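Below, each structure is written out as structure tokens.
Two complexes, one shared chain (chain A), two partners (chain B, chain C).
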Partner chain A sequence: MRETKLWTWHIFTGIVILVLLGIHMITMHLDGILGWFNPAGGEAIDWANIVARAKLLIIAILYIVLLAAALYHGLYGFRTILFELGPRQGIQKFINVLFWILGICLFVFGTWAALKFYIIAHAG
Partner chain B sequence: MTRKLQKETDITFHIRRYNPDVDDKPHWQKFIVHVEPGMTVLDGLHQIRETQDASLSMRYSCRMGVCGSCGMLLNGRPALACNTQIFDIASKALTVASLPNFDIVKDLVPDLTPLFSKHISTYPYIVRDDADEMLNPTGEFFQSPDELTEYLQFTYCIKCGLCMAACPTMATDPNYLGPQPLAQSYRYTKDTRDDGFNLRKKVVGGSHGAFRCHYAGECSNVCPKGVDPARAIQLMKRELVLDYLKLRKHRTKSAILGKPEGVKRRPEIPEAPCFTKE
Partner chain C sequence: MLQDKRCPNSIGVWGWLGGGRWGLERYLYTLHRLTGLGILLYFILHILVTSSRVFSEKAWETWMGVFSSPVFKIGEFLVYVAFAYHAINGIRLILIELGFSVGKAEEPIYPYKSSLNVQRPLMIVSIIVAAVLIAAGGYDFFALAH
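Right, the complex of A and B next:
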């Protein structure tokens, strides 16, 4: 049943990525039409808009959620590809442990970066 | 479909031979076979055995695509030798080999033991909670035509092993259950008379189970009976995910219909035999 659990989360994180990347695309490329998260007007990559977005807590939270979803989804997919090569049981266990450690480390680092971005925007 | 009119001709059969008692590895051997319209690959192989080399080994039985014994790799594609017209796949040369993803017993005979052991591991039979009813039935289990339709196509499986031979995941993971056992686990899971999902999900939801399938779909392409194992595997995944999310519908158990009344067994029909297993 463990594989069922992992697969279900793989599907769930895929949907989360789809939604959050959709928001990203709308913010970045439909700025002239919808103007989401672009309070200063103009281009989405204008400095004033970047700083304004960085000050929003919801943006920091969305970054962290996207990071978690992308890490899980990507590492699970990579694990599937590696398992396809037919490694021994011991190596499969090693890959599982390695990917959990790698995923958690990258998540902690990414979360720290997202929060730092938010804090600096507020301070400056 | 209109079939092209073919004239009788000589076709070269390239057959992969292997005798584990003599050979280190398989090798190819050529035979020229005089082919007439209407001849199947199995007919051609019989001709070789009768006129050229009696030591050629192959497995066959019904000769009509029902028993699933004569599965072989014909021109690189798994197919039943008895069900394949030579002129449909070859005009000058034809390669014949044992099914891939299985060990070779001899020449064109694959060792299907892993297929059957994996098949058995998925509880491919009706599992009931009420063992008493199974042992001492008081009537028949009701099933509507719609309920039957949900799994009917998967009952046509003849266990020939072609789907297992065509599966790319089987080629990389010999412990992968494979399309045939997974499709059969779905067939019994969807049967309204069955209560065995909780047993099966431990096997098919395991590390070599349904989630290893990449949906290449080759299993469904080569099935000689029109079964769609790739679909069954995806539907089985859905059952497993819904069960994990506690969203799987609890269906109503098949009602037990009373035995028919007012009819007598005809005297020429013998009594059913006693149970051979307690």
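Right, the complex of A and C next:
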């Protein structure tokens, strides 16, 4: 039952990523064609553009949701691959704990960066 | 448990290389895993690198300068290709998982209908959509070269 729940979350986060990463990819990599969310013109990664985007709170929130969804989806996917190789139960527990720690650390760091830059963009 | 003793799961990643009777979809599965692992590795690095914007504009510009070299540009495009494939193939897998292309249970009357009658065209459409996305991205990456 627990594994079914984890798998369902994997599918659900996949759909969330599809929408949010889709927007992110369109913004960053189809910028020459579409030019979405790039008010300063030029490239999407230009400082003026990332500051302009960071001023919108919704962007920071979406980044954090995407971060959580992508970390879960990616680490659960990697866990599935590793578990299919048939590791012993002790190793499975170790992988679980390791991935939880790694995921939480990256989530905390990424969330801090998104919120901090939101504050910096408004101060500047 | 039903298990093929000649091909136990313990052959591990080598089992990815052979499609066997599962056909083309089996290779798409392998590609889905490879692209997933590649994206995960990139994503972890991406979190660390893009957080540099918090420290200063100079730190951001320095990292972006590093990644503007041709080698990284090609690497970045490969990540985009992996994303486009993984996303579209992921939609196909979710549709199948939720039973959209399995079909209703019915009397087996010749000529038999197979779920593959729907799933194979779905696979082909998925590949075409992924190819279009990759082509559009490639145009933006290299042809516009802004």
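Throughout what follows, the second predicted complex is superposed on the first by the 107 of 124 C-alpha atoms of A that agree within 3 Å, B and C clash if a C-alpha of one lies under 4 Å from a C-alpha of the other, contacts with A are read in each partner's own complex, and residues count from 1 in each chain.
Note that in this section a contact is a pair of C-beta atoms (placed from the backbone, for glycine too) under 8 Å apart; a residue touches a chain by one contact, two chains touch by 3 or more.
Since this is a predicted model, take the numbers as computed values, not measurements.
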**OP:** Specify the partner with more touching residues on chain A, choosing between chain B and chain C.
**Re:** C
Original post:
Between chain B (first) and chain C (second), which, if any, makes contact with A:11: first, second, both or neither?
Top reply: both
Original post:
Does the superposition put A:100 against chain B (first), chain C (second), both, or neither?
Top reply: neither
Original post:
Which of the two partners, first being chain B and second being chain C, lies in contact with A:1: first, second, both, or neither?
Top reply: first
**OP:** Scan A:43 for contacts with chain B and chain C and give back first, second, both or neither.
**Re:** second
Subject >> First, second, both or neither for A:86, with chain B first and chain C second >> reply: both
Subject >> Partner chain(s) touched by A:78 [first = chain B, second = chain C, both, neither] >> reply: second
**OP:** Check chain A for residues that touch chain B in one structure and chain C in the other, and list them.
**Re:** 11, 84-86
Subject >> Touch list for chain A against partner chain C, complex >> reply: 11, 14-15, 17-18, 21-22, 25, 29-33, 42-43, 45, 47, 50, 67, 70-71, 74-75, 77-78, 81, 84-86, 106, 109-110, 112-113, 116-117, 120
**OP:** Using the touch rule from the top, collect the residues of chain A that touch chain B in their complex.
**Re:** 1-8, 11, 83-86, 92
Original post:
Which residues, counting only chain B, touch chain A once they are in their complex?
Top reply: 169, 172-174, 201-202, 205-207, 209, 211-212, 237, 240-241, 243-245
Original post:
For the complex, which residues does chain C have touching chain A?
Top reply: 9-10, 12-13, 33, 36-37, 39-40, 43-44, 47-48, 50-51, 53-54, 57, 60-61, 64, 80, 83, 87, 90-91, 94, 97, 136-137, 139-141, 144, 146
